[in-house]
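Below you'll find a set of structures to go through.
In the two complexes below, chain A is the common chain; its partner is chain B in one and chain C in the other.
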Partner chain A sequence: MADEAPFQFLHNEVLQYIYKSAENGETDNGRNIAKLENMGFRVGQGLMERLTKDTARFKDELDIMKFVCKDFWTCVFKKQIDNLRTNHQGIYVLQDNKFRLLSQLSAGKQYLEQAPKYLAFTCGLVRGALSNLGVKSIVTAEVSVMPACKFQIMIQKM
Partner chain B sequence: MKRLCLQNKNSELFTLTYGALVTQLCKDYENDEEVNKQLDKMGYNIGVRLIEDFLARSSIGRCQDFRETADVIAKVAFKMYLGITPSVTNWSPAGDEFSLILENNPLVDFVELPDNHSTLVYSSLLCGVLRGALEMVQMAVDVRFAQDTLRGDSVTEIRMKFIKRIEENLPAGDE
Partner chain C sequence: MADEAPFQFLHNEVLQYIYKSAENGETDNGRNIAKLENMGFRVGQGLMERLTKDTARFKDELDIMKFVCKDFWTCVFKKQIDNLRTNHQGIYVLQDNKFRLLSQLSAGKQYLEQAPKYLAFTCGLVRGALSNLGVKSIVTAEVSVMPACKFQIMIQKM
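Right after this comes the complex of A and B.
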């Protein structure tokens, strides 16, 4: 039996560490976000590798995205993505209406600007997961109304 | 599509994330001692919060003595959070020190220590977690790894020693 709590606490601590150990204050935000994203990337790769060890190959890109929305998201966040949209031209938007890692943050407006910190690792996680399946992408995320957030995946043609 | 066994996979998320953290710390710090200390500190920060989660979800009352504490840690806490149940052994005659023996340490799945990190105590986070959590229930303890499978031992052994009872202060300070 594995529990959600250890990862959430660890994620929070990793966040605090990355930001505390930065030399400059505001100016290094980009670098910190990148560090978190890269950590998430490595974890996402490893996780997807374990997850798909015994599964059949995916039919197509959409099939992969559905897997990310259902199985991968459930594995990581114990729930599925609530909504998947695509323009069928390589852009996918995944909406999670109650993103677990934002649950620690209050819903107030002043915390909204902190939100990107809490999304960076997960963006990397998704990018790493896709990378393991041979899909190159750019993943960004935004929060409009807490605790819902949208992950945008842009597939990069290799 | 085959039904995936997702139960184990979540602990892999934790394991993999922990691995990424240790890797990052090894990059940031000059020597293993510093990494050990940092992991311990982070564990402490987690522990002081985790205890609230634990108490809320386990409905365990106040432990009568250190023996009961040991059992709760091994049979309830470890089981709840890491899905394993270490055995409690090697009690000191005074009853103030014991060992937790972990046949499997989930943190070290897929991990191998490279040669240049022989003094890294990879799972140092756990020591901090235990220390921080117990401090919040008024127990000062010393926690260290006596054996580590990553360093060639056959099991992982965590040694816990009761130092003293902490008087409750009002109000509690913030980290």
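Right after this comes the complex of A and C.
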């Protein structure tokens, strides 16, 4: 029914809290984004740890990505990623056609400015989840048409 | 499987963030508790709003409490309240025998000091949920035997 709602509402509170408590105002945006990303990172690590407790070892990187798109995404957002693409050279694009954490943002044009702060936590979440499985990555996100959203993962080879 | 985990991990991050970002240290504990309580209040309001969208009107106060114990608690914590008591004069005690947000706290004796910060958000959550239904209350909590926990609700008559 509203299974993803508690997480969504809490995420929204966190966002507001971080932005309100920042004293340097606008210029601090980068720092706020980083805080949200870090918070997501730790949540992602912990969640992946718990989700894979009884899971068989993954075959390869693609197998890990499929797990993120299905099991991990469903655990957090109560739906799967709608589309997964890769160039087979360490870049993966995960598309969510109805990204829950954007649903409180109106579909007007101002979302273009606001979107990054609604996506930062989840970028960290994915990076943390992968990190827990020994995969180092850089994760960025962009809104295509609201509320669709693409997360790009660049694997960092050690 | 781990349906309550995203919320639980995020709650834990919020806790750590608020306590880390408080600069006045120990003496600020009351203010941190208040911040958590307020955050819970807003989440509770929003959640109750969403949960009761298509619900029939409640008969009375007790009917509201039962909804909090069953539907609301299940939405957030993936389990129901184990025991509801009332003195029929505006005091209700909700007991959760395995309160999720305490599960990351060890069962040692130091929990007695730590417990209030793990309970503050949920006190606010209940207060906010009731407030959304027009019921003004004061909510306090205490740990009996870890991880069992009692929430006491005192209805404030207008």
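To be clear about the criterion, the second predicted complex is superposed on the first by the 156 of 158 C-alpha atoms of A that agree within 3 Å, B and C clash if a C-alpha of one lies under 4 Å from a C-alpha of the other, contacts with A are read in each partner's own complex, and residues count from 1 in each chain.
Heads up, the rule we're going with is that a contact is a pair of C-beta atoms (placed from the backbone, for glycine too) under 8 Å apart; a residue touches a chain by one contact, two chains touch by 3 or more.
Since we're looking at a predicted model, the values are computed, not measured.
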Between chain B and chain C, whom does A:A56 touch in the aligned arrangement: first, second, both, or neither?
first
Is A:L47 contacted by the first partner chain B, the second partner chain C, both or neither?
both
A:P6 contacts which: chain B (first), chain C (second), both, neither?
both
I want to verify the contact counts: of chain B and chain C, which reaches more residues of chain A?
B
Does chain B (first) or chain C (second) touch A:Y17, or do both, or does neither?
both
Just which bits of chain A does chain B share with chain C as contact spots?
1-3, 5-7, 9-11, 13-14, 17-18, 21, 35, 39, 42-43, 46-47, 50-51, 75-76
Please give the residue numbers of chain B that touch chain A in the complex, ascending.
1-2, 4, 6-14, 16-21, 23-24, 28, 38, 42, 45-46, 49-50, 53, 79-83, 110, 125
State the interface residues of chain A toward chain B in the complex, per the touch definition above.
1-7, 9-11, 13-14, 16-18, 21, 35, 39-40, 42-43, 46-47, 50-51, 54-56, 71, 74-76, 78
Residue positions on chain C within touch of chain A in the complex are 1-3, 5-7, 9-11, 13-14, 17-18, 21, 35, 39, 42-43, 46-47, 50-51, 75-76
